[in-house]
C-alpha cells in the first residue's frame, strides 16, 4: 500500500476532513470522531487514475456502499484497494451542537455509545447523541460497511425506525397539490447557485466527463436561468436513478440547503414500487433497475 | 338462475375478492378442484361452480348454498389449482358474508351431539366454531 | 439439541398421551424441550381472509415467547398448531404490511426470527432416521402400519413445505426406521373431514370411510397419525361404521406416531 | 457554413392544396445556411430528381432538404438522387409535410405555419448531418444447423439444395430427434418413420451437407456473415470410417441401461445405436455406463468387432469452422412429472406419459406395436387420457399451452380404438384446441367414429386400486362427479424448452423468454429471425409447434440463410452507435441495454501526462448494431452516440421545432 | 365592442419511433384523419433513443407539452427498446410531476403503425389537455 485515505483533525472541533497519508509514520494523524462524515470514496478515482500502487481506505457504512457503486460502475479495481470497514453509530451535526452550546467554548466532542460527550471550557457535558446527529444518519439503514477487507470493530445495530422515516419527507412533499409542490421546489431551487458540489461529492456521479461540463452539444445553459437549474436537478436525479445508495452527502454538502434527498428518495420509492425493491450499493454485481426490465412491468403512464 | 349485467358488475363480487384476496377471474374452469374435493358429494354448488357463479355475479345463489358449510378447508383444491386460486379463501369470504349478518351463525353450542361434547378434541371444537359462528 | 415447545390445548387434555409420549421419547433421544411460558390457544385455524388481524396475535405472542426463551426453533406436535404457526411465521416474515399491522398491537416487534418445526421434522433432520434406527430397542418387525398424513401437515405446500404434498415420504421413512412394514395406500393424504365432524357428521363419516377401507384393503393393521382431530375422526367413525355393520371387519387402532416411537424405544 | 438547398414538393395538390408553397419557400430562404430554394410539382418524378441534381452542382450544395411525403416513402429514392450528384446519401434530410401536415390539417394558415416549422427543423438537422458509410463485409457461405430433428433436417436439406454448404450438428449418436420416436402423425395418420427416414438418408448422402452426430456447439463468436464456431465432437469410441454397422457388438455388450429413445420402457446396451433406422447406423459407446470405462475391464465389443472399429482411446475433438449463418433447431424436452404426484406416475406401472404410449404404439417399439399394459402385458380395455399435464398450469408447470397435445391425444384415442377392439378411451380436457387444416375433422373422428368419450374437466387424482386405476374428476359441463376404474392412464405431458437452452442462447448471444424458448426478432413479422442478425430459428426451440409448422419454419429459415448467401457481400447499416473515447467512462451501462450483444469492452491506450496508460471502454461492433439508440440514453455522459440521430442533431431539431 | 381573446395554441413536440408511432402518424395522414396542427413530430429510430435531456430541452425552448410515442410493449422493432423506455420515462414522468409539473405536460403513449386513428385521437386529446392547462411557464427559459 502506497497510501491510506482516512480522516484527520483540522483546526476546529467540527472539522475532520479526508486526508491522504503516504507516510506510515504519520498514521497517528488519522482520526475517527463524530465529524468524520466526509466521503473518502471519490478520492479513489483520482488515485487509481494517477498511480498504479495499492491504496488503503477507511469507510463508514455509507462510504462502503459508495465503493460498491464504483465497483458496479467498473470505475474501481477492487484488487488495488484495501478497504477498512468502520461500523458507524452516526455523525454529529455541528449546526445542531452550535445551536445548543456556545460554539466558542467547545473544545472537543466525542461520541460514546448513545451519548455525545462535549468538553466545554473545562466542563464535561454529556447529552443524548440522537438529538445532535445529522439528519441523514437518523435515517441510515446500513450503518455497517457492506464491503471491506478488515472490519475495525464489531458491527453496530441499525437505528430503530430508520425504515419508516426513509420516505417520510418524500411522502410529505408528494401529498401537496401540484401547484404547491411546484412552489415548494421553486423555493428550494432558487437558492441553488449551481456550484455542482452535490455532483462532485456523489460517488454515483463518477463519469470521466460530466454531461453538464460538455460544450458540444451543450446540454445545460450557463446562464442563471431557473429553467436551467431545474434541468440540472432533473437530469442529475435521473442519472442517479436506481444507482443512488442514499448516503445523503449531496444534501448535507449543499451550501444552499437544497433538500436533494427528497428528490433522490422519490425516485428510489417509485422504482421500488413499480419494479420491485432494489437497494443500490449492496451488491456490486447485479444490474441496476434502469438497466434491465421485465415484460410485465407497470408503467407510470397510459398504456392503452 | 339468470345472468344479468347488474349481477356481473355487482359490488358483492368485489367484496368477495377483497375479503378473500383472490381474483375469481383467474379461474378457467378446469374442474380439478371439484374432482379432488373429499366432501364434494354432498355439495350443491361444486367448488369450480363457486368460482363460476362468482365470475358471473351469482353471489346471492352462493350465499344460500350448502357448500359454504360443507367445505372443510382441507386445501386439496388449491394445492392442485393450475391458476393459483385459493378456493377455500373464496368460500371463507362467502361464509363471512353470511356469518356477519344477524342470525347468520350456522352452529350453536346447543347443536353439538352428546358424542361430540364428550369426546371431541378441543382442536375440532375451536375450528368448528371459528368456521361456523361469529 | 434444544427447542422451545408449544403443546396446544388438545395435548393438555384429550391428547395427553400424545404429549407424554412425545416428551418421553424426546428425552430419550437427547432432545431438550422447554415449554414456552404463558401460551394460549393458537386459534386452531389459520385465517383464510385478508381482514383478520387479531387471529394472528396468539401465535405471534407464542413465537415472541419462544424467542424470549432463547431457542431458535419452536417445536410443535398437533398438526393444527403446526399449520397455524408455520404459516403465521412465514406470513410475518414475508408480508411487510401484515407484519407492521400485527406489530402495531404487540408489546414487542416480531419479524419471524424463530423457526417453526414439527417433531417429525426434527426426527428426520436433527436426529436423523438412520440414528433413530440405531436407537430402536424393540424393532416393530412385522407390524403393518398405515401412515395417515391428513391435510394440515402438508397443505398448502407453498407455505408448509414439509414434504411432497401428493407423495409424502416422511412418515414412511420414520416407520421404516422403526422396523415396521409401511402400508402404502392412495388415501393417506385425503382429508378426514376435519371439523365437519362437529357439525356435519355424515359428511365426515363418508370421508373417513374411504380412507379406512383403502388402508384396510392394502393390509393395514393400524393407523399412525400426528393430529388429534384426525385420530378422533378415524376412531369415531370407524366405531360407527362397525356398529352399523357396514364395514364389519374394521377394527384398526389409531395411534400417534409418538406412541409408536415410545414403543420402539421401549419406554 | 453549410450550403443547404431546400426543395419543396407540391405533390400535385396533395401538399399545395393546404400549404401555401410560395410562403413556405420564402420562409425557407431566410433559414440558417439555406442558399437555394426550389419547388416542384412532383419532386419524386424524374424531372424533379434531375432538378435536385442540377441544383446541387450549380449551387455547390452540400446538404439537401426535401419537403415532401414521409421519409418512409421516398427516403431511399432521394438518397440515391443526392448520391448520384456526388453527395453522401446521408446529407439528405426530409421534412414530412404531406402525411404529417397537408393531409391532416385543413386550415391553410396553420398548415403553412407547420410546414415552415418542419422544414426549419429538417434544415437544422441537415446542417449537422455527416457523411456516413456502410461497411462492406465478406460472407462465409457455409451454414451451421444446430439440431438434427425434423427442423434441422429440413433446414439443412433446403439450404443445401440451393447449392450452399451446410454443417449439421446433432448431439445424439443419430439424426431423427423427437419425430423418430413417434408412431403415426396427425391428422393423416401416416407413419412417422416412413416420411422421416428418407429425409435422414438424404442428409447423410447430400454432397453439400457434412453431418456431425454425437457433437455439440462449444463456442460461437462473430456476426452475420462471419461466425466462428467451435464444435465439440464427442468421443464416440467407434471409428465411423471402419465400422460397418454390422451390430455384432450391440448384442454382446453386457452393460444395460434404460433406453432414452424408448423412454425408459426397455433397456439398451452401453454400446448402442438409438434405433434401427439410425443415421449414421453405427453405434456409440455411452462411457458413463460402459463396463470398460467404469471398471476398467470388459472390452467385449472390441473382441467381437470384425472391423476393428472400437477405439477406447478416442478423445473429444474441438474443431473450429467459419459460418455465414446459423439455424437453431434444438427441439424440446417433455415436462418432468415430479410435481404431479396426484397422477400416480411412477407409483403404478400403467400410468404412462404420452411419449411412452407413443412407443407402445410403434411397431419397432418394446411391444412391437401392440398396446399392452406394462404391469401384466394385457391389452387395456379402458384408457383415460389426461390432457394439459404440466401445461396451462402456472402453479406447478408451464403457464402456456403446449399446442400439440389435443391433437396427439385424439390420435391416440383413434389408434387405441383400432388396435384394441372393444376398448374405450376417455379424454379429460380443459379445452380442445384444433386450429389447423383438417384438425377439427380429425378430432371429430375421435369422438364420433372411434367412440372416445371427451370429458371437460381436469382429473384431480388417480388412485391405484389393485390392478386398476381409479380416475377421479368432474365433468364441469354437467356438474357430475366422475369416478372411472380404468386399465391405463396416459398423461399428455407438456412441452418444455430444452433444459440447457439458456446456455446455448448465451453462446449465441440470442435471448430466451421466461420459459427458455428462443425469442424471435418480431412475434409477427420476423418469427424466424432472432434479434441477432444471421441466426435463425426453426421448430419447437422457438415455441411449441407441430410437425407441419416446424417444417415450414425450417424452410423459411433456409430461405433466410440462402438470401444472405446469395449476396456478393453484406453492407452494414451506417446509422450505428459510436463511442467517443474521451467521454467513455467504461461503466458499460450501454452493454446492459443492447439487445444485439453489439457492445463489448475494449482496452485502449491513452496518454496521461508523460506516460501511456491503458483503460477499458465500450466498443460497438457495427456488424451487429441495428441502430436503436437505447445505449445512448443509458450512457450518462453521452459518450455513445447514434450516427444519423446524434444528440447534436436531435437537440438542434428540438431547438428549431420550438422556434 | 367585445374583446375577442385569441385562443391559446399550444406547441406540442412529439418524439415518435420510426417503426410504429411515426408509421401510425403516416397512416393517419394517408387516411386523411385531421388532428390538431399544434403537434410537431421528431423522428427517432426507437423510443429508447429519447434522452430525458431532449424532453427537458423542448420544455425549455417553449414546448407546452411533450409526447413520446413508441411501439406497444412486446412489439418493439428492436426487441426490447420500449421496455427500457417504459422504465426510464415512468421514472422521469413521476419525478417531474413530483416537482410540480402538471402530469398532462409530459405524456408517453404506445401507438402502433396500424393505429392511425389512435394517433389522431391521442394528438387531439393531448392538444386539448394542454390547451386547457395554458402555456408552459414552469420549465421554460426566461431569457
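Going by the order they are written in, the chains are A, B, C, D and E; count residues from 1 in each one.
Definition applied: a contact is a pair of C-beta atoms (placed from the backbone, for glycine too) under 8 Å apart; a residue touches a chain by one contact, two chains touch by 3 or more.
Please read these numbers as outputs of a predicted model, since none were measured by experiment.
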Least hop count linking chain C to chain E through chains in contact: 2
Co-neighbours of chain E and chain D - touch as defined: A
Greatest separation from chain B - chain, by CA centre: A
Maximum centroid distance from chain D, chain identifier (CA atoms): C
Chain closest to the middle [Cα centroid of all protein chains]: D
Pair joined by more contacting C-beta pairs (A-D or C-D): A-D
For chain A paired with chain B, centre-to-centre distance based on mean C-alpha positions, whole Å: 54
For chain B paired with chain E, centre-to-centre distance based on mean C-alpha positions, whole Å: 50
Averaged-CA centre spacing for the pair chain E and chain A, given as whole angstrom: 36
Geometric centre distance via CA averages, chain C-chain B, whole Å: 25
Set of chain A residues in contact with two or more other chains: 211, 219, 290, 295
Junction residues of chain E, two or more chains touched: 52-53, 57, 74, 80, 84, 88
Multi-partner residues of chain B (at least 2 other chains): 41, 76
Which pairs of chains touch, using the document's own definition: A-D, A-E, B-C, B-D, C-D, D-E
Complex contact set, residues of chain B against chain C: 18-21, 38-39, 41-42, 69-70, 72-76, 78-79, 86, 88-89, 92-93, 96, 106-107, 111-113, 115-116, 119-128, 130-132
Residue ranges of chain D touching chain E (in the complex, touch as defined): 70-73, 96, 98-101, 103-107, 110-111, 113-114, 117-118, 121, 511, 519, 521-524, 531, 575, 593, 595, 626-630, 632-634, 638, 642, 645, 647, 650-651, 653-655, 657-659
Complex contacts: residues of chain A adjacent to chain E: 173-174, 178-186, 211, 219, 221, 223, 225-228, 230-231, 233-235, 237-238, 241-242, 263, 266-267, 270-271, 274-275, 289-290, 293-295, 297-303
Residue ranges of chain E touching chain A (in the complex, touch as defined): 52-53, 56-57, 59-60, 73-74, 80, 83-84, 86-103, 107-110, 138-143
Residues of chain A defined as touching chain D within the complex: 49-50, 73-75, 206-211, 214, 216-217, 219, 239, 287, 290-292, 295
